[in-house]
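As written, the chain order gives the labels A, B, C and D, with residue 1 at the start of each chain.
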Amino acid sequence: MSEYVIIGNGTAAVGCIEGIRSADSESSITVISAEEHHVYSRPLISYYLEGKTDLEKMKYRPEDFYTKNNVKLIYGKAVKCDSKKQFITLADKQKLHYDKLCLCTGSSPFVPPFEGLDKVKNKFSFMTLDDALALEKALDKKAKVLIVGAGLIGLKCAEGIAERVGSITVCDLADRVLSSILDSKCAAVMQKRLEEHGISFLLGDTAVRFEKDKAVMKSGKEVRFDILVLAVGVRAETELARQTDCEVNRGIVIDTSMKTSTDSIYAAGDCAEGYDSSIGANRVLAILPNAYMQGRCAGINMAGGSSVFDDAVPMNSIGFFGLHCATAGSYPEDGEVCEEQVCGGIRRLYIKDGRLYGYMLIGDVNRAGIYTSLVREQTVFNEEDIDKLKKFPTLAIFSYESRRKKLGGVV
Amino acid sequence: MREHFIYPEFEVVRNDNRCIQCRVCERQCANEVHRFDTDLGLMISDETKCVNCQRCISLCPTRALKIVKSDCRLRENANWSDETIKEIYKQANSGGVLLSSMGNPKPLPVYWDKMLINASQVTNPPIDPLREPMETKVFLGKKPDKIRRDENGELITETAPQLELSMPVMFSAMSYGSISYNAHASLARAATELGICYNTGEGGLHEDFYIYGPNTIVQVASGRFGVHKNYLEAAAAVEIKMGQGAKPGIGGHLPGAKIVGDVSRTRMIPEGSDAISPAPHHDIYSIEDLRQLVFSLKEATEYKKPVIVKVAAVHNIAAIASGIARSGADIIAIDGFRGGTGAAPTRIRDNVGIPIELALAAVDQRLRDEGIRNNVSLIVGGSVRSAADVVKAVALGADAVYVATAALLALGCHLCRTCQSGKCNWGIATQNPELVKRLNPDIGSRRLVNLMDAWRHEIKELMGGMGINSIESLRGNRLMLRGVGLTAKELEILGISHAGE
Amino acid sequence: MKREGEVRIPSGCAIAAVISREGKGITGNVIYNAMKPMHDRSNGLGGGFAAYGIYPEYRDLFAFHIFFDHRSTRKDCEAYLKERFEIVKGELIPTRKIPQITDEPIIWRYFCRPLSSQVASEQVDENEFVAHTVMKINTGMKGAYVFSSGKNMGCFKAVGYPEDVGLFYRLEEYEGYSWTAHGRYPTNTPGWWGGAHPFSLLDSSVVHNGEISSYDANRRFIEMFGYKCTLQTDTEVITYILDYLVRRQGLTLEEAASVIAAPFWSTIASRPEKEKEKLTYLRQIFPSLLITGPFSIVYSWNGGLMALNDRLKLRSMITAEKDDKVFIASEEAAVRVMEPEAENFYAPAGGEPVIVRVKEGKF
Amino acid sequence: MKRVYVNEQWCLGCHLCEYNCAFANSGIDDMVKALKGKDIFPRVHIEDGEDGIHFAVSCRHCKDPMCVKSCIAGAISIEDGVVKIDRDKCVGCLTCVLVCPYGAVAPGPNGAAQKCELCLQNSCGAPACVTGCPNNAIVYEER
């Protein structure tokens, strides 16, 4: 019997719980949740505002998840971690012993020190359910909204509230939308779609100063707003780890079994910096599937099993106003880029040395997973198969025998 | 000069209210009848190419298709039928011999349908096959004239080689080449499961099918394709093909286009060369030559395998059979004029040979009259269509029957009779891999087994009704048959009485 | 109406038999009385008996019993016989006039010895020679019908109920060690004396109750070997089959029984190896002699008899014993009449032959 | 557990499975009514490769499915070995499409993701692609 403690109550935590329980159904698990909510899907907050889901459906796991998994859930904030004596101290001074600890603390919004920001009354972050609920209260059919940040968070927020406000302007220092996942050609396609839905952009520009209802831009432009959403970026939440001797870079450094450099401490999710096989180095991959898989891997290893998660790649599926976008992998500059315009969208494949390194699909994303798996598995193909791949994602690139294994159940 | 136009025989009728444009018909028609027209947004058909194989109809998920005989007719003429006239047009166009496939479709008498089977009432009891054993096992082969005993007075139980069958039905000769690999696989697997035999025909035995050897009859035909030591040794019996009911007196011709890959290897002839089977065996110009071949084959197989001699039913079949019965052959197979074929000259198919029922009756009686019926077993084929036909054949005197058309129907054949085109949409009479694939032997063999199981049940029911509980007691039991609508001569030849007598 | 030989006539029947294993004499009234309680199994269209050991003084001579339609037929027939045999004695078979039996033909018997020169010229043995003669007369000589042709035995048959037929032939005056009896219930014959049973060839005779379904398969096969089924009755074909198997092929009675009432393949499969081989062999080589459909037969010959049922036992048949005697009958009542004290009643299984032999030297 | 397996050797590329699937999951009792004049969203689809290669692809019901692990809404789960999508919970982000290595998940007519659920929920009871396959190229069996 061990005592497992998980700090955080997000996707990584759920993965960790399910990982532990797959190997150990007995020992106690304690989850410390800073947010007073049943575990919910964080990316769904924009869909919530859009009306595509509700608080009940947002629950990432069913109501009875904790009871079924025999998990003790504590609402509170962990403030101290003693890795020598293996104790966690909560804000309310409560102390918890752990045999194995998993840090699933996620990330928090990064807000640059804008001048005059304190004068803005209606300003919001867009990370948590509470953020969304707070923003929702401020929404008004006539409201002018300024969103700072044209990344995934900012744009999902824009989509989520588009029908509920008067106007939306999005600004970003980068010269294109979704700069972290799209190249400029693809970004342009996506931007066009957003603009068609009434969203205006100020790109390559950023706010330098705020007044109560106005932002003054670097370019000198002034943007009036009733609501300000700050979606500049996020930072891994590493505070607790720093109290121990865990190695911390941009995130808590973990190996491919999700162990930190400190005994008995694991980390998973947005707070962690794990191995990214697409670049062959560690980095924070703050995407949900990754959080779950890291959590699950950590959980299994905490419970004495053996699990390795070493093929994480960056990938994203996101859509705006019905235009979908799927991306994965890395985008080497010295390779071939195969581009095709397809019915209102675009496909760009990054190919080098007979390998698909990465891709961006906008519009038709059907079967994108085949590409993703090729990126993940770093499969090398001959030219003929690459030519097939360029047309559309297909399993025909595999041999008959390998398809018999994949589809025909032949072992 | 424009060739004489012949109006298409069939019309493709599509119910556009039902058609969901799934294009299954288009994908499944090797004759390219169906096509989706993007401009019209409709499926359209080219009826000139349709052979009415019904593949599209069978697969259409909404039953939106049917194929009907075109009612575009020439002016009515009782003497000059449409068919006759069109054949003349075709020949005037081509200058060639007309080719056809499968059996004779002409409205000549089907004697099976003019014989009725007896049943027990009161004076002797019908037997319920659900309650009592009902035996259908037969042994084909020569039976000894006299039993022998050893010095202790014990019976010596050695016999001439016998072919044991769980029921008196076998799949008759269809060569690999004329039918597909998958068709052969289906037949071989079904025969094995059923405890009967299938027949390689004259195309040799594909190496994959040697494992079915104990249920395989290998054929030695005039072309001698694929005949070698292992081939003979693999088999349960060896059949010398002297003739075929669909085309008595002529040989065979499998076009070079079908001699590809494994077909060529199995036949042991070069790819692309025509496989010509001469009309006669060039080493058999008389009955004594046949005897030599029979014994050559027996020597080659160490007298362990029965030798079958297959002949077409022709006018003096009784005398021919008598000769064969004295040639050392163990089994005679007689193929009637309705027997199928992958390709035959139309005139031969439709005009040469005699009905198997009469041939069988004549041969069985002749062999008995000569006291040599025990020398040989008799197999008959040439359109045995049902369990009732089997029962009638056995009652007339057959030891077993050969079925081929019925087996092909079970495999999906719709008797469109265009085997010669090589574009069989059912994957049977084709070597095109895309089409061959359409016949999955798992399904094919299952269906063949089903068919034979069904026939076996029916045979048992019919036997039970007659109060017979073993097929041996039915063989040659002509009292169990009565004729209807037959002339005195026909009854005499069949050796049966008229119904009511 | 067509008579036997012109059309196949199925019939139901009653049979009975008695045999003394010691070869002791039994008078004919014993057997004809036994048929009385089975009266309803016959319909008056045929009755008959076979008796063994009744002609001890002519034991080495073939005894022909022959029906003649006319005096002239008899003349022709006698002339034919004389070409082939030395006729030691020829006489009318004694009968008694009773109202139940009418329209009798001319009934003669001849005790004959084959002319050895004739036998030699046909290159057959005596039995075969006699059999040929019988076939010849019965198929070629209209109005003459040989209904008994064995040594020291005789068949007696007529149109009528069996008990009346016994009286008619004065069977109480004969003494034999083995008797079989038959009462007939044919369904479509006017009744012809020759068509009554038993049917016999040489010294073997068969009484049969049943209607076999394999008839034409059996007939067409056996006719290949010189037999002519002139009567188209089951009994005739069964007699020929047994003659063929036992006399010509040399099978034992048990072997013959496992040909005509062969065990099912499933039964054969369960037998020990050696027996399996033998039974398989017999079924394999004599498939056309398997008899299916209901039958219970008593097959008799000089010195014994065999009772046999079809393999499904579709007809009743019972056996019993008392001292040296064995009784067989369609119904137990018949046995009780012959021997009220009979014991060991037994109903043989389908295809199980019951073979009784008279002690060597006692017949 | 019984699964759908593909016997590529026998696939004719007739695409009937797609139509049978779409019909089975349409909730309409007549195929014409269900499919005529409509775009279909089958949960199985045929790949037609070169050289006469055809094969059907549908959900493999992986033991350790990427889609379940990746679903941002927690809408995909495994019940008795069957991977199911709760289409009510699904917000149509298509992350499952992004990760399925077989390309077996696809958006349905209303944008929510859908995939083969073995016809256990519809009135077929057994996978319609299997029962309708003319050549046993798709089978549903225990292995």
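Operating definition for what follows: a residue touches a chain if its C-beta (ideal position, glycine included) is under 8 Å from a C-beta of that chain, and two chains touch if they have at least 3 such contacts.
Treat the numbers as computed from the prediction; the structure is a model and nothing was measured.
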{"item": "Touching subunit B and also subunit D, the following chains", "value": "none"}
{"item": "Chain separated most widely from subunit B, comparing mean CA positions", "value": "A"}
{"item": "Chain nearest the overall Cα centroid", "value": "B"}
{"item": "Where subunit A and subunit C are represented by their mean Cα positions, the distance between them in whole Å", "value": "104"}
{"item": "Interchain centroid distance [CA atoms averaged], subunit A/subunit B, Å", "value": "69"}
{"item": "Distance from the mean Cα position of subunit D to that of subunit C, given in whole angstrom", "value": "78"}
{"item": "Distance from the mean Cα position of subunit D to that of subunit A, given in whole angstrom", "value": "28"}
{"item": "Numbers and ranges of subunit D residues touching at least 2 other chains", "value": "7"}
{"item": "Topology of the chain contact graph, where touching chains are joined (line, ring, star, complete, other)", "value": "line"}
{"item": "Full enumeration of touching chain pairs", "value": "A-D, B-C, B-D"}
{"item": "Footprint of subunit B on subunit D - complex, ascending", "value": "7, 9-10, 12-16, 18-20, 23, 31-32, 35-37, 52, 132, 134-137"}
{"item": "List of subunit C residues in touch with subunit B within their complex", "value": "8, 10-12, 187, 210-218, 220-221, 223-225, 249-251, 255, 262, 264-266, 277-278, 280-288, 290-294, 311-312, 314"}
{"item": "Residue ranges of subunit A touching subunit D (in the complex, touch as defined)", "value": "14-15, 41, 43-44, 47, 52-53, 57-61, 288-289, 292-293, 296, 315-319, 322, 324, 326, 328, 365-370, 372-373, 388, 393-396, 400, 403-404, 406-409"}
{"item": "Parts of subunit B lying in touch with subunit D, wherever the complex brings them together", "value": "17-20, 22-24, 27-28, 58-59, 61-62, 64, 433-434, 437-438, 440, 442-443"}
{"item": "List of subunit D residues in touch with subunit A within their complex", "value": "3, 5-8, 47, 49-50, 53, 55-57, 60, 66, 69-70, 72-74, 88-89, 91-103, 105-107, 111, 143"}
